[in-house]
Amino acid sequence: MLRFESDYGEGAHPRILQLLAASNLEQTPGYGEDHYSEEARSLIRTACRAPEADVHFLVGGTQTNFIVIEAALKPWQGVLCADNGHINVHETGAVEATGHKVLSLPAREGKINADQIRETYSAHYADESHEHMVQPGMVYLSSPTEFGTLYSRAEMTDISRTCRELGLFLYVDGARMGYGLMSEVNDMTLADYAALCDVFSIGGTKVGALFGEAVVIASPSLKKDFRYLMKQRGAMLAKGRLLGLQFLALFQDDLYFRIAAQADGLAMKLRRAFLEQGWKLLYDSFTNQQFPIIPNNVLQRLSGDYSFSFWQKIDETHSAVRFCTSWATVEESVDRLIADLRKPELEH
Amino acid sequence: MLRFESDYGEGAHPRILQLLAASNLEQTPGYGEDHYSEEARSLIRTACRAPEADVHFLVGGTQTNFIVIEAALKPWQGVLCADNGHINVHETGAVEATGHKVLSLPAREGKINADQIRETYSAHYADESHEHMVQPGMVYLSSPTEFGTLYSRAEMTDISRTCRELGLFLYVDGARMGYGLMSEVNDMTLADYAALCDVFSIGGTKVGALFGEAVVIASPSLKKDFRYLMKQRGAMLAKGRLLGLQFLALFQDDLYFRIAAQADGLAMKLRRAFLEQGWKLLYDSFTNQQFPIIPNNVLQRLSGDYSFSFWQKIDETHSAVRFCTSWATVEESVDRLIADLRKPELEH
Amino acid sequence: MLRFESDYGEGAHPRILQLLAASNLEQTPGYGEDHYSEEARSLIRTACRAPEADVHFLVGGTQTNFIVIEAALKPWQGVLCADNGHINVHETGAVEATGHKVLSLPAREGKINADQIRETYSAHYADESHEHMVQPGMVYLSSPTEFGTLYSRAEMTDISRTCRELGLFLYVDGARMGYGLMSEVNDMTLADYAALCDVFSIGGTKVGALFGEAVVIASPSLKKDFRYLMKQRGAMLAKGRLLGLQFLALFQDDLYFRIAAQADGLAMKLRRAFLEQGWKLLYDSFTNQQFPIIPNNVLQRLSGDYSFSFWQKIDETHSAVRFCTSWATVEESVDRLIADLRKPELEH
Amino acid sequence: MLRFESDYGEGAHPRILQLLAASNLEQTPGYGEDHYSEEARSLIRTACRAPEADVHFLVGGTQTNFIVIEAALKPWQGVLCADNGHINVHETGAVEATGHKVLSLPAREGKINADQIRETYSAHYADESHEHMVQPGMVYLSSPTEFGTLYSRAEMTDISRTCRELGLFLYVDGARMGYGLMSEVNDMTLADYAALCDVFSIGGTKVGALFGEAVVIASPSLKKDFRYLMKQRGAMLAKGRLLGLQFLALFQDDLYFRIAAQADGLAMKLRRAFLEQGWKLLYDSFTNQQFPIIPNNVLQRLSGDYSFSFWQKIDETHSAVRFCTSWATVEESVDRLIADLRKPELEH
């Protein structure tokens, strides 16, 4: 069985395991105050061209999202988000559990835009009884989105400008940041994220690490005492160096970018193969997640040898499914899948 | 200026003020353990034919909603609700502030139905990753709804049966309960609410009281220690008798029902007048809130003498507005408004 | 039965009921935006010599405390408080329910001092692992305290200076503010509170109102959007004028001060009577709460005609009890109690 | 520099790293539903003789504590705890952040007893106004405690019986469980914990793992939907097998017990050396943490070559410090430290 159903099915890039083993018996201070974490923070600041940024390492994505959002919002504020946003549908109400409403906006291709943000903000204050409604305090985006799509630099700049004008924090969830950055259609850099966002994350879990998300805080007003909240919410790993050394390995020699590029390349190969078959794509993704609409009989045939995620029913004979590549996907697997895709269906 | 913009613009029915004055220097135990509160509870139990029900008096509607919902839900559960539900849009995220997501469903005429509840529940458990999503734990309805519409006994029975089958609590927010019960299209009784719901409220604030909502808990599993939560959330009035004696006055001699009936009657008079003008109604309400769609020039003319709430723009020349009657509305005011409605517009 | 067990056993001063009745059928905007509330705010600002202060009216004391504290603190901060403080022991964990720890300090006569605050603050930051502990963010005092004692102007100035130096908010819970201000040993004014505190409350519930606490916010950084939190936490009364007109009545013609002075005078009369009997006082209170230590046989005898609160066992034959006077206590009651106190015990 | 200042300074036992490497490219389902986690759960159930217990793997100790406590308590309940308990002082108010008060009791040698629990419970319900106070809902113990001391089976049985009689949940935080179980004075087994507690944890972070705590839920009423809360609070690791395989390694061939026994043995060697010097122990610990009271000049001399934690000042010339051994401590280090301890101080 070749698995394409997620990008977190394997362990970690071998370089991470090597560093883990090499450092195993070294004694270091806990809670992220070790030299590995410090070096990793330094490399990330450099990669972001943000020497003043604060960088923290957290364990997982849900944790990262609710802690960043809680740190930024006043008790009566909520966070704007695409209706399909991870915080809105797949985190068991983690943001609400910190007391904040997720204010969802209808998304197109998984994305929202500056106009929607502005309209929501204006509608709030235009209403006489705005104190009876949750006050917008932050905008949450993910890029790549849940559907593999990306915000362009123009879109992101527009959103950033709008947020700054309106006094809203802007947070980008980069759980799949690597796959976004290396996409052939991407025009954003880490430095752009640092310049345009107040805070964003660089995901490790899905891009080569065992686990771990780096949070980059660019906005001075969000920096103070962030570690207190990490500790309170269970996100300050005792052996914090485990996070530091993973990001150290990932940001040395551009490893993070190289493994993401490879995964994207294989995803593009798959994408072309789907299109060659004449199959439509549910979302126009140029990153490691692909959402082809495939005849059910083909899916049935493939499901014996390949795992993938059912996404949604399209009609009586077609379904959209998700195929993921990852840092661990090998070209042979993709080629075999493509070969099998192309096999003609047998007549009944 | 005659005010029709809300049903909480005046103080209280004179009988309440009389009882307040008559009892003023009496010394009673605090926190709802006085004899007025006990008598009021007893009258309400009788009116609900629910001798075993627990009855508590809280100060306001938002408070009532979030305390009832918090008392019922596990930390990872959410409450299903019409998208226009008061808890979803007009309580500044009070439910989320207790840690729970509001799971909104698209409403028709302000209402949701048993099928939607069942589908949402089924979709939750059908999803492999249901633990990553908020678990449905309760259904919140209001009747009358925000739009003045009512759930029929058939609808409510259907919803109740569905909730019981699925293990969801059913809560009805009765902030305008009186106006619902006395509506000419209503077929529900307080006894029906007690039989079909786990918990519901009987609103005082909008139906003759200075303030106050009675919470009727029918479900044994919700009764225990409810007063602890009231105290914790600031809902246990020191001079609790103020709430008790208001509900005592309202439930003696059917005062609550009589004043609500009068308000409904005046609203029906208005409704007929709107329809006679050939104006459509945004929602088909038979309670004290009416939502006519009126030409803007007429609204402009009326706005000098009458206050009402702008609801939404319909087209370039028409708007939907809200007119409320209340226990305090006098027939003369309604008649004068109707007479003015009927005046032909002057030519320009 | 003459009741001395609390200061919230009766309704309200007659002037409040009169204003309530006189205004009953007037239609006003809701949620505290009416002219009564505006006038009351203005009178309170004047009384506090704080023309820039924000004044809000909330329903009850627990509600006031947790909302003020929640508005001020970051998620990882706690509030310092005397171990016997109301928020620490008698509010069912209302502050913790908003996510914040109450950091209790050992009190003397119900009070804490500037040195304790400074030591706690220093100990926090001296600890290498301070991020693993709750960060002090605010100091909560009550004056009068739970034990009827008062902070002098010197003590309050010292605490205020310390808080400002350390960057801690200072909040004074004035649930019994009137009885404190009019005490014969008091040297604080409302203007002093406004000058020395960031925020404080002026209690109505125990000083002549049916219910209601005025919150005076002096610190600019606490003013913004306070009403959002009031709404979210169920503290924004629909008919907000009910609060406004009560404080209007109380702050016209110095009513608040006059009724508090009368209650204090009667309490002093009781105090002198206790001391004349040779009885000790558990706390040295010069406000409306008195805590005499009385032989159990005397208490037994009195308990048939007078109600009072058992406070604590002192030894096998003596108990400390609490007698309260209030705005509603009449001199005849106090005189009768004193006469009965003085009766010699019968021999067995 | 030889480090004795904590038991989480190194990485993990080599067997864990081996298993990590061996399984690295295997694709498994996420979120703890892999076969490694299942095998580890099975081994732990067997070790606890609790075939019906639920076992979950969480990332860290603070996270484990607040999630277990939140899962068990009603919103108005608090958790009883020794005043020095980790949840009370060193988790940045994590429990309060979930809305629950920590009700601290004065501890002796870091421990509380059944009588204290019973008295606190009785005092709560004896108070007329118990609804104004936080309701006791759970007892939290740690064993070993923060001070290295242990609850005996007699003490634990007494506490368990008391909790069951009173309807309180009993939770034991076993962050250092291994060092407790293998202590020469211990008479508890994992099976005893499973029989006497409702829920307890088995710490991995401090006993050989990179990170991870196993939660064993014995009480049926705590089992339902626990994973929802794990997800909501950021404790459900995407690559959950990382936790499973660590506990698998630890519970195969009694590795967990063997490495803990070795650490305890070295700690006893240190303990004897301290006592031989005539130094007192601040706490009478027979586990891996030792708290000797040592002359300051000796500490000064040692601090060049050894790291340890300053604990508290005893008098002008003595301090209590903490020395920890761990699964990673080698006998040579301990021997060198002991030799240095014994060196006579030079005269000045």
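Lettered A, B, C and D in written order, each chain numbered from 1.
The rule we apply is simple: a residue touches a chain if its C-beta (ideal position, glycine included) is under 8 Å from a C-beta of that chain, and two chains touch if they have at least 3 such contacts.
Quick caveat, the model's predicted, so the values are computed rather than measured.
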Check: So which one's got more C-beta contacts, A-C or A-D?
Finding: A-D
Notebook entry, point to check: Among the chain pairs A-D, C-D or A-B, which one reproduces the interface of B-C, with more than half of its contact pairs identical by residue number?
Noted result: A-D
Check: If you average the Cα atoms of subunit A and of subunit B to get two centres, how far apart are those centres in Å?
Finding: 42
Notebook entry, point to check: How many Å are there between the centre of subunit A and the centre of subunit C, using C-alpha atoms for each centre?
Noted result: 51
Check: In whole angstrom, what separates the CA-based centres of subunit A and subunit D?
Finding: 34
Item checked: In subunit D, residues with contacts to at least two other chains -> 75-76, 91-93, 97-99, 129, 131-132, 135, 228-229, 231-232, 236
Check: Should the pattern of chain-chain touching be classed as line, ring, star, complete or other?
Finding: complete
Notebook entry, point to check: Tell me, which parts of subunit A touch subunit B in their complex?
Noted result: 75-76, 78, 89-93, 96-102, 129, 131-135
Notebook entry, point to check: Given the complex with subunit D, which residues does subunit B contribute to the contact?
Noted result: 31, 70-71, 74-76, 98-99, 129, 131-132, 135, 225, 227-229, 231-232, 236
Check: Can you name the residues of subunit B that touch subunit C in the complex?
Finding: 3, 6, 8-12, 14, 17, 20-21, 23-30, 59-64, 66-67, 91-94, 97, 205-206, 210-211, 228-229, 231-239, 242, 328
